[in-house]
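Shared between the two complexes below is chain A, which pairs with chain B and chain C, respectively.
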Partner chain A sequence: MMDKKPLFEEDKFFLSRRKFMAIGAAFVATLALPVAWFSNKLARRNDYIKARSAGLYQDDMIAKQRVSHANSAVEKYYAEFGGEPLGHKSHDLLHTHFVDRTKLKS
Partner chain B sequence: MSSTQHDTRPILKHPLNVRVFHYILLLTFLPLAATGLLLFFKPLSQNAMQLTYDIHMIAGVGLTLNAVLFTLLAFDRVVLFIARVFSFSERDVKWFMVLGGYPQKFLLGKTVPIPPMNKYNSGQKLFGACVLIGGALLIVSGFVLWLIPHAAPRDMVWGLGQIHLVAGLVLTAFLPIHLFLAVYRFDDFKAMMLHGKVPYHDAAQYTPLWVEKEIVAVKQQPAEAAKN
Partner chain C sequence: MTQTTYQPGEIKGLIEIEASKCKGCDACLKFCPTHAIEGASGAVHTIDQEKCLGCGQCLINCPFSAIKETHSALETVINKLADKDTKVVGIIAPAVRVAIGEEFGLGKGELVTGKLYGAMHQAGFKIFDCNFAADLTIMEEGSEFIHRLHANVKNEPNAGALPQFTSCCPGWVRYLETDHPELLPHLSTAKSPQQIAGTVAKTYGAKVYDTKPDKLFTVAVMPCTSKKIEASRPEFNSAWQYHQQQGQDVPSYQDVDAVLTTREMSQLLKHLEIDLANTQPFDGDSLFSQYSGAGTIFGTTGGVMEAAIRTAHKVITDEEIAQLDFTAVRGLEGVKEASVTLFDKALDQEVTIKVAVVHDMGHNIEPIINDIIAGTSPYHFIEVMNCAGGCVNGAGQPIDTSGSGWIGNLG
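Moving on, here comes the complex of A and B:
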């Protein structure tokens, strides 16, 4: 019997146009609002890093000593004890060695 | 005895676009549920888990394309579906009070009166709402977890992971119930899987409000009318 063409179907207009548009708009808004909110969060995800970076630059601008090799304590260390930068004694005292401490799960 | 008991005149219940959507949903959700459980419990080897992951991604993209295209191409069906599954009345409370009469029928062999239902009964409406909300959550969270887990805010990714897990488990838990009751309502099952039509007596028995309020005679084409 189901080879036959249907004799009945749903009335396509059982929902009023006003209700159809209201539900359609609510559906689209429900999908669009979280997407907009998420896009905003994604776009602003690095704001705190940028703010921190700007703060460091600002500190740098007003600092009395802006480069490490002009640091008076470092100058004094080389003059009175360490010899020259990258020298043998400084290398032994100040440089460290790499040790691989990575623990892989697989 | 009802006068509609043997009325086999066909009513178009599930149009072709809905059936195609349902088939693709079936073919994508089943592997997603199976691979999702495997990804959660991780019982397989590294290579097998990688294959499981790949299948999950491919099926997820398929399900998403299906949902997006159906929403765009059959927006009216989506709106009607939303209108139906989010409608609520005293009849739904009464239906849930007896759970549609199914436990009494299956466990005690008794038939209890149930309130008249529209196109979907209250259980189907609850399931439909869960599929709609849960499906949207699964798609959105799945894509964030897959494509931009390192770019999205950390806490949000964790939250979306939990949402993906809960929504996936809830919909997967619904699946055996849905399959069992779908086969039990065999005329409706054939309509969804094959030709889209249910006999009048089946619709009048299970969905009397739908028949009463929303069903109209198909308008004959002029050529057909001339033949008759």
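Moving on, here comes the complex of A and C:
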């Protein structure tokens, strides 16, 4: 059975996993996942990352403006309300501070 | 008084391992950026919540679905949508639009901005694109960087620390706050797009929507679990503080009232029987749906840096960058480096800016941090994202289960 050429890349893993399962559930708990599980997982993950990133780069290409400073809504925000970048209102509303979490107590 | 890494009010214990389902297979350990997961191989594992960033990478990679989130605002949001006295503002992160389609049978990575706007509009949300807020982040963070750069070149006293780190990723921010607080001056003080969006919606937005700020309910739709913790940080009530100073006297509210993951938003739409795949596209209902291409690429690794360089080029040289695609910071290499040489008008000299982009933080950040501590870092500006690939692969995104159907069979 193991000699059969796998139809999909996943099959190889599937079969070895079936064999692995046959060892019994009690054993499963003490055995590490096969290396193939990780390479398979990472390959799938990277496929998704690439496909979704391509979607965002497409969104960038079709955007009417491709740079933040040319967004007229941004301009409007500063003109009507926010003042200017790093200005007083920006300091109060758009900036923050960070916390040294080694010094917190409860 | 015991030591804690949480401020009062912050969500603690967001990500949890269910003892009854955990097989002790150790897979999660390989994805955890902070070694927060404990337990011997074969035994039930647990999460040390003090070290945990809430990034959820363990959750999406556990082959036995043994890890869960303990906090969901889904019901609250459904109730707010039904409440006629409340205007519910939906803040949509960049990475959501290229993933939520997967939950409705559309292709992997398919861009569905218009359909998502349409579906959320139908559900009763006002549309606030977080990409608009990302554009504001660039204006603030980019200006801050140029300010620090100039002060350093001129050797001014109290010049801000370089390299400057991006601060959009709450997993990364919490990591630095917990493990390397001495480097906090390197973080850009600009809020993340989520927090800028919430604040703007409840200040300027209150005028745009012609609604009292305490009648606005802001819901961030995020590819991320850690964003839930970020929204709960006690200092993130700046809209309330602002209105307080203007004389309003109401109980405190957060800038972002609720965070839904991409998965939770698709659950909400399904609950309301809205099929995103067959929804008419919608353009938005205010200037808050207007965004640039620079804002949208925030959702992938390198995007913040690319967006910042596009704007910094204009500010420093007074000219638009000729080649918008800054490909050196794209792709999946763990640490990407680039440098740009520009003629700085204000300084009347050439400057060479060295940048680095880090994702999959747990595997790639330590050498960068060690160089900064040793004073040998070659960089001026560094983007850091916790998740491999950036937010497109955040733990709030649809989970690909197609390859692991067999695993449920295991006792």
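Heads up, the rule we're going with is that the second predicted complex is superposed on the first by the 53 of 106 C-alpha atoms of A that agree within 3 Å, B and C clash if a C-alpha of one lies under 4 Å from a C-alpha of the other, contacts with A are read in each partner's own complex, and residues count from 1 in each chain.
In this text, a contact is a pair of C-beta atoms (placed from the backbone, for glycine too) under 8 Å apart; a residue touches a chain by one contact, two chains touch by 3 or more.
Please read these numbers as outputs of a predicted model, since none were measured by experiment.
Contact comparison for chain A: of chain B and chain C, C touches the greater number of residues. In the superposed model, A:45 makes contact with both chain B and chain C.
Applying the stated contact rule after C-alpha superposition, one finds that A:60 touches chain C and leaves chain B untouched.
In the superposed pair of complexes, A:92 makes contact with chain C only, with no contact to chain B.
Looking at the shared chain after the overlay, A:34 reaches chain B, while chain C stays out of its contact range.
Within the superposed three-chain model, A:102 lies in touch with chain C and out of touch with chain B [touch as defined at top]. By the document's definition of touching, of the two partners only chain C reaches A:76; chain B does not.
In the superposition on chain A, chain A positions 10, 14, 31, 38, 41, 45, 106 are in contact with chain B in one complex as well as with chain C in the other. Chain A meets chain B in the complex at residues 1-12, 14-15, 19-20, 23-24, 27, 31, 34-35, 38, 41-42, 45, 106.
Chain B makes touch with chain A in their complex at residues 8-12, 46, 75-76, 78-80, 82-83, 119, 136, 140, 144, 148, 151-153, 156, 190, 194-197, 199-200, 213-218. Per the touch definition, chain A reaches chain C in the complex via residues 10, 14, 17-18, 21, 25, 28-33, 37-38, 40-41, 44-63, 65-74, 76-78, 80-82, 85-86, 90, 92-106. Taken in their complex, chain C has these residues touching chain A: 1-8, 23-27, 30, 41-42, 61, 63, 94-95, 97-99, 107-111, 113, 132, 134-140, 142-144, 147, 167, 173-174, 176-178, 181, 184, 187, 189-191, 195-196, 199-200, 203-204, 207, 235-236, 238-239, 241-242, 287-288, 290-297, 299-301, 303, 307, 310-311, 314-315, 320-321, 324, 330, 332, 388-390, 392-393, 397, 400, 403, 406, 409-411.
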